[in-house]
Amino acid sequence: MTQHDTVSSPSDHPHENPLEDVHNVMAPEQTEALEQLYTDFAAQHLSPLWTQLGEVMTDVPRSKAIPFVWRWNDLLPLAARSGDLVPVGRGGERRAIALANPGLKGRPYATPTIWAAIQYLGPRETAPEHRHSQNAFRFVVEGEGVWTVVNGDPVAMRRGDFLLTPGWNFHGHHNETDHPMAWIDGLDVPLAEHLDVGFFEFGTERVTDYSTPDVSRAERLWANPGLRPLSGLDSQVNSPIHAYRWEYTDRALTAQLELEAEGFPATVEQGHAGIRYSNPTNGGDVMSTLRAEFHRLREGTQTASRREVGSSVWQVFDGRGEIVVADQVWQVDRGDLVVVPSWEPWELRAETQLDLFRFSDAPVIERLAFDRTFVAGRER
Amino acid sequence: MTQHDTVSSPSDHPHENPLEDVHNVMAPEQTEALEQLYTDFAAQHLSPLWTQLGEVMTDVPRSKAIPFVWRWNDLLPLAARSGDLVPVGRGGERRAIALANPGLKGRPYATPTIWAAIQYLGPRETAPEHRHSQNAFRFVVEGEGVWTVVNGDPVAMRRGDFLLTPGWNFHGHHNETDHPMAWIDGLDVPLAEHLDVGFFEFGTERVTDYSTPDVSRAERLWANPGLRPLSGLDSQVNSPIHAYRWEYTDRALTAQLELEAEGFPATVEQGHAGIRYSNPTNGGDVMSTLRAEFHRLREGTQTASRREVGSSVWQVFDGRGEIVVADQVWQVDRGDLVVVPSWEPWELRAETQLDLFRFSDAPVIERLAFDRTFVAGRER
Amino acid sequence: MTQHDTVSSPSDHPHENPLEDVHNVMAPEQTEALEQLYTDFAAQHLSPLWTQLGEVMTDVPRSKAIPFVWRWNDLLPLAARSGDLVPVGRGGERRAIALANPGLKGRPYATPTIWAAIQYLGPRETAPEHRHSQNAFRFVVEGEGVWTVVNGDPVAMRRGDFLLTPGWNFHGHHNETDHPMAWIDGLDVPLAEHLDVGFFEFGTERVTDYSTPDVSRAERLWANPGLRPLSGLDSQVNSPIHAYRWEYTDRALTAQLELEAEGFPATVEQGHAGIRYSNPTNGGDVMSTLRAEFHRLREGTQTASRREVGSSVWQVFDGRGEIVVADQVWQVDRGDLVVVPSWEPWELRAETQLDLFRFSDAPVIERLAFDRTFVAGRER
Amino acid sequence: MTQHDTVSSPSDHPHENPLEDVHNVMAPEQTEALEQLYTDFAAQHLSPLWTQLGEVMTDVPRSKAIPFVWRWNDLLPLAARSGDLVPVGRGGERRAIALANPGLKGRPYATPTIWAAIQYLGPRETAPEHRHSQNAFRFVVEGEGVWTVVNGDPVAMRRGDFLLTPGWNFHGHHNETDHPMAWIDGLDVPLAEHLDVGFFEFGTERVTDYSTPDVSRAERLWANPGLRPLSGLDSQVNSPIHAYRWEYTDRALTAQLELEAEGFPATVEQGHAGIRYSNPTNGGDVMSTLRAEFHRLREGTQTASRREVGSSVWQVFDGRGEIVVADQVWQVDRGDLVVVPSWEPWELRAETQLDLFRFSDAPVIERLAFDRTFVAGRER
């Protein structure tokens, strides 16, 4: 919590803004003079605050986005049908199908800051190269066989891997197999759109390097724990580790639960392990606008209920359990995606061991000093 | 320019996105199967990227906000009429009339991130105390007699002063004179709304301290050049100098132009002096989301043409000249306000010595590493 | 306290290291074989730890420097005699007479990190220009009439002013009056010597600018509270404010004591005001190796007893009182200088209102994460 | 180069300070009055600058430490003889034999800031626990079988491993085998002594945990590339990775040379790979005062000649070649140690593939902004 000295006690009815119901002494009788005033305001492109305070300010964050779930079992067949009907190529650029939060008026956005999609690449297909200011990552819940080529560096994509294409890096994808592959993409597209910061350039129609190494050059140079190349000592805005392999994530989570069992502090809370993907040049988030984490819950674990300023998306990687957001309880399974809007309370319940990938706009919220967290049972 | 390795050459037609005109190989013949696919997408709250890439991504920032001017001579009489017709008080909170950018569909916002308004307080009136996450400042283009009370500290408001009420500080205003006073407010309301970060609390109906000191406690403790109180050595998110007085701003600008005349580097460019209001605890911007600057142009000076990622608002403080934004040329005078959307080229021309206050969302853009600048004639 | 998780309770006998008295199981009988081993060590330029642990490590810092006082009434006449006998000029460079801590074996150093001296410039004399890596400042306890020229910028020196010549800036001094002037210099000479970091270059034999402005260019550009020139937005290692004028220091201290009297938190402790001179580009210390502060005690105030890692020097600016260091109690008056070695307890007692200038190596200690503080009565 | 705007051209005769030979106009005829003045200075513990400027300031760094080599073939037998003659235990604490630079007047220091030693632990021996402010590391050039227990966490020591015991962590060692083991220790003891910052406490006489895991808890939690535990998100002064294993170092160096061979930028210079051990919480050095690196030269490679402010120690890990410092050329082999004092030019020549460990005081020099580097052939 950066700029705030108290924690608001969350209200019970999150979508009713009490500021709208306050007696407003500034809503005087509607005289003709007042009506004329408001007409003159409009003519001059002016707008009074006092008639709409409750609209522009709320007692707590009340997102238009709503808590929602998308099922992998629904997404994948639709993606496959796209594979049959829509060629991938220049202009449309990507066979990506975005989660459109029902609260956001049909806009193709998971939350006000996050674009999330399932992307699908058929056998032997290539998605052409381009670059944009928007930061992007991919996370692979199943499958393999695609290489994403980031500024000329081919990066293999396999189940459990977390892969970066930070802003303004050229990138394309190619499938080197005879089977299709699908994964999820996360980008800061709606944030970039709202802030008017986006640049875009086309690259080559084919990827620049069709080789298929197991390990990318980015990893060979950077994915060595605590070791920085002497040729790369400056702090970098985005993590130069463009591929975070499942092998390491799994090992880190396993170690945390083992250490906890051995009696040493290592987990977030009892039975709940977690890692944050980080930038080795400064210890910060992988990109300036997106945070990514991986969580593992021991079978039977139930987390505390938390509220956080900022929005996030969860994807189940393995296991079964429940994700609770506000008054919704969703039974979830591999690949299912759940959106948590800002300040909505959430908790996790693990029926089996439960592995989850999470991404959020937390770096935005923290860099702008709007962060607050409320953990039930830990009120001060 | 943080994350980008090249500077895009600006296009000539800023509001036509070439990405929309590219031949799209992913727009296949509209078969029945395809229509059914799109229907099924909609039913599942999904949205294909390939049909709307040009809508969510653009070659350069193409803001919905448009360049626009508001005239002080229009604003002030409308504010005065509000003073006659609308009482100030709890519920509406402030007699503030916001600049509503014609491009932003009637929303009361100057730009996608900035709320800007003229606020008006009649003789002996009080605007009640409240606090909110949104960061706010006031700038006084004329008049005096109001004190804004920030967390209990009464701060006098006078022509040329720049005054802070950072997020979550209680604040109210009271007019201690028999004449009305008007000034401008700047807040990050639309940013906070988009990010879903806003909290709000009412305070007392009257201000907590009606005393009228010339100098606030914040200034007595903090407005001493290069001197920090030993009781305040930590870095603070927001500047603890809550009042930046005209006397110092004027002195700093005068010195820059004199130094330039004496042959020493001191100005931004020939004939163009400028200061940034800063946080003495870390040298950064006064608040996490808003930058404020003051510019002075020697008579006859014309600035280079610049494009910047991020939006800003100018207010003429003194003198006459022209503000040019894209293909608009506005003759401006004291109090006039001009909005510059992201990436629109702008320049200033001083008919007389020209003093201008400017505020922008630059800290947001820079903290998120989206900053780019293009200065005509300085292409690399 | 950066790297340490506990606060050592200070021992009563600061100059006896208990580590030397511990029974050492590694001091075996002096056999011939052992003597031969030690001889062979020496021949190979090797040295066993186990015979000298107590010499190289101590339970708490036990400085060779001792607490000491130098009286202004002794220093000034000696400096004046130097003025008669020794010309100022190239080769010796400065008529500066250094405080030589009696504990430091005749080395001309106040503490292991700090060189402090009285400098004396006769009527119409010039001290030639040079530059060095070592950081330097001047503080003026009385008099005026000398300008120090820092990288070509003439800076007037007057009672109460604190003036910087950061490392590698050319500087010389000239006295424009018919009376002599004396002041104190502080440098990091012994630190630079120990670290082997010093570079030195001669400049012109005369200063490059003999003009005598009241206000330097550095001040005109930078000594405006909270205002940064748009031409100087990068963080700088050293403060660009090269002159901190007494007028502002006095005003800041006065305000703190007044605010305390009015019931607001502003002072270090009851009756004890203080400011730190700071770098406006980042809020940090004025230079990378030296901290400077000014303290004012209300008449009758006695501070808490403190121990700090790192050494400091106090100079009385005005008033009378006592400075207590370890078991020494010195009655002090205007101009007197007192050295506090690392970890020695100190306190101040004000007979009248007592104004003191202080400088220290605290930035070194903190940047290297060796800082600890112990305040009597505030043990946790 | 932080504070300096030019690079001095190194002089040819590094140990002759031209400042001592300048005609000194401040060395007047030795009159009786002058002698009396100097006598009176001494009586008052004062020391004139003008008679000793060349002693306290030099044109470039001229370290008292000299370039020197210690041979592993000399060190190891002497350490073994100590093992026979001197028991390890409380009081002497460690069977460590320090490199005593011949230039440093018999003090047991490799350079003015660095203590370096060979430490030797016999079969089944234990070195008791203690802690101190001084930062320490171990590097293993050969052997295994000892565990160092850092704040209760047993850390295996094996050839090629780099191991941390940052300041104020309790630590002891125990040998679990029937053979002795030797390694090198590096500490900031002389820096801490000079700065008067050292605290010391005895711990238990035996280590607190005699278990012998292959992997320490620190590694399990932290040595995962780019992954931070959610329970450890704050920046830490010292790296929490207490063991940097040879496996990763070797892999990183191998990758750099391979990438270079494949045509991608990865090395420091042609044929010269290198990594810096870093703190994953902020990307900085492993400890606040000591930098550690590992270098690998392809057979036949000769590095550029470099001068750097600050001192360093090299140890050959594998291969054969030459280390050149100033006018010394040493043929070196496994385990040999070479000291490079501040600003002495050095270069490496690889007869075979040459692997070298290096440590230095560079974090001290950089944090205090005294850093300068001169690379022959890259003058600007």
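When the chains are written out, they are named A, B, C and D in that same order, and each has its own residue count from 1.
Assume contacts are C-beta pairs under 8 Å (C-beta built on N, C-alpha and C of every residue); 3 or more make two chains touch, one makes a residue touch a chain.
In UniProt terms the chains read A, B, C, D = Cupin domain-containing protein.
All values reported here derive from a predicted model rather than from experimental measurement.
> Quick check for the class: compute each chain's Cα centroid; which one is farthest from the centroid of chain A?
Chain C.
> Go ahead and note the Å separation of the Cα centroids belonging to chain B and chain C.
43
> If you average the CA atoms of chain A and of chain B, how many Å lie between those two points?
One centre to the other, that is 29 Å.
> What whole-Å value do you get for the distance between chain A and chain C if each is reduced to the mean of its CA atoms?
The answer is 51 Å.
> Which word fits the touch map of the chains here: line, ring, star, complete or other?
The chain contacts form a single closed ring, each chain touching exactly two others.
> What is the complete set of touching chain pairs?
By the stated definition, chains touch in these pairs: A-B, A-D, B-C, C-D.
> Can you list the chain D residues touching chain C in their complex?
2-5, 8, 19, 22-28, 31, 33-34, 37, 40-41, 44-53, 56-63, 65, 68, 70, 74-75, 78, 81-82, 85-102, 106, 108, 112-113, 115, 117, 132-134, 166-168, 189-202, 237-238, 288-289, 309-311, 341-343, 361, 363-365, 367-370, 372
> Which stretch or stretches of chain A touch chain D in the complex?
217, 220-231, 233, 235, 239, 241, 244, 248-249, 251-252, 255-256, 258-259, 264-268, 273-283, 286, 293, 295
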